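Note sheet for the following structure.
Each chain gets a letter, A, B, C and D, in the order it is written, and its residues are counted from 1.
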């Protein structure tokens, strides 16, 4: 299995800049996390956008769609902010013959107590085993992209 | 999805006892890790054995088999030391109609740089999506239990 | 040695609230950090303010001064945002017969890579050994409160 | 302040080797920890021995003494296993005109919950402020080297 990873920002990649007293999207964390995971498959990482997902616009989603559609790999992982993950997933529904899994994090990967590493494992588990289609791997579950919603108050993804 | 989790020890649960200047198998870490993962499914944890997997014997494996076979849940996660994970997995091959996934860690879950949280995510990803059977989720891959071996030198699970 | 700890917020206590997609000052982290440090002295923690130190005003500093002055303990630790740590320290200069040490963090204590735990150790080291006076313990150094400035660009406290 | 750091092994530097299913003393962690601490002073690190302190012998202690005595720096930090830290400290008592601080850890620095980073801060705090002499910085306290003992059962250093 070769996995093409596209990163788009989101909480998973948030860092803290003391000089500005604020948080920003930093460099993608995914390669560092996969190193910690000691994975045995090959992968490539390409950063498409670095945004909080509330700020992703149509142009960003067109870019993501174009990159996924043009990519020769059959297994695609997209790291994404959680607030509009389902919106982006919906735009990818027409892409055939690829297993596409989106994941992200409720707490930045740099936090001691982050869910990022687990979610990445969950997504890779889905990539290993799912039929072609678009999936969201969050909250310990692998959802069909059109069957899931984020319950923001509960901090959890749930079946629609 | 309800997941019955059986723990058997292994590196994942290793702690350091200063009073003895040595490492031992501690209490199961899995519930704490699933809390960090903010999972949305229900589960129960039962500790069957607390051993380095090199020390598991036939009686231990009989116990594990009996517990899995008798368990009403259809989704079973077993945390296990890596050195004999494939041996235990082989003894479970006759159990029908359950998705059984074994996972563990190359570095204790208490380590900053552990693969434990990722591996747990990988195993849960497999439980979400696999057909009944026995699987090993390690090294970023979901293997059929009879198609995998641990390459101890490389520190990695590989296809046979 | 008994140490009275007053917390005022700052980066050290910053957490991430997904429901708001932003960072805020959370509950004081100091007790949890001292537990990790396995310290053998007694202490009490009182939260006075929960603010980014750029937002501390005169009323906050009057409160901090009153609390320190009225406190019967001889050893006082104040956790504080870094941007105006020297300002608050200056207002405490008239308090006699107490060892007062201010510290904080450049990265939230909840981050894997935070300096918070080290800085707390540094401050406790100073409390163990310093004569009465007001000190700032940051960047691996124990400064007299009137001899230090924060170099924001370098992310470091330096001698004036 | 320039700090010469000598490392001798101990729990602080313990790592886990899966290939041997056991823990061993690894490379010194101190430079990585000081980087995390974002310290502003200069230092050099020299590894003298890599042993559990129960295994240090007279030759090792002679080497440590010789290195400290010959070192031009006035501020010396020694990382050391906790079980015989007081023994090594006693052998250094004749060295004049240097501030010598020994520290270590009850849990390996690689553990999420380690006291190593705090203890290092504590030791650096003592180096900043102490008069020449030999000190042990552990359990949140700075002890004169001849006034302290390890209470192994309690996992704590205490006044004699």
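The rule we apply is simple: a residue touches a chain if its C-beta (ideal position, glycine included) is under 8 Å from a C-beta of that chain, and two chains touch if they have at least 3 such contacts.
Worth saying up front: this structure is predicted, and the values here are computed from it rather than measured.
Going by the contact rule set out at the top, which chains touch both subunit A and subunit C?
none
From the centre of subunit B, which other chain's Cα mean sits the farthest off?
Looking at centroid distances, C is the chain farthest away.
Is the contact between copies subunit A and subunit B built from the same residues on both sides or from different ones, judged by whether over half of the numbers are shared?
Both copies touch with mostly the same residues.
Please report how many Å separate the Cα centroid of subunit B from that of subunit D, as a whole number.
Comparing mean C-alpha positions, subunit D is 37 Å from subunit B.
From the C-alpha centre of subunit A to that of subunit D, how far is it in Å?
That gives a centre separation of 43 Å.
Report the inter-chain centroid distance for subunit C and subunit D in whole angstrom, where each centroid is the mean of the CA atoms.
Chain centres of subunit C and subunit D, defined by C-alpha means, are spaced 26 Å apart.
Of all the residues in subunit C, which ones touch at least 2 other chains?
Within subunit C, residues 106, 112-113, 155 contact more than one other chain.
Considering only which chains touch which, how would you classify the arrangement: line, ring, star, complete or other?
ring
What chain pairs are in touch here?
Here the touching chain pairs work out to A-B, A-C, B-D, C-D.
Taking the complex as given, what residues does subunit B use to touch subunit D?
Residues of subunit B touching subunit D: 11, 14, 16, 18-19, 21-23, 52, 54, 82-83, 106-108, 110-113, 152-153, 155.
Residue numbers of subunit A touching subunit B in their complex, please.
Contact set of subunit A toward subunit B: 1, 33-34, 36-41, 106, 113-115, 117-126, 128-130, 137, 139-142, 155-158.
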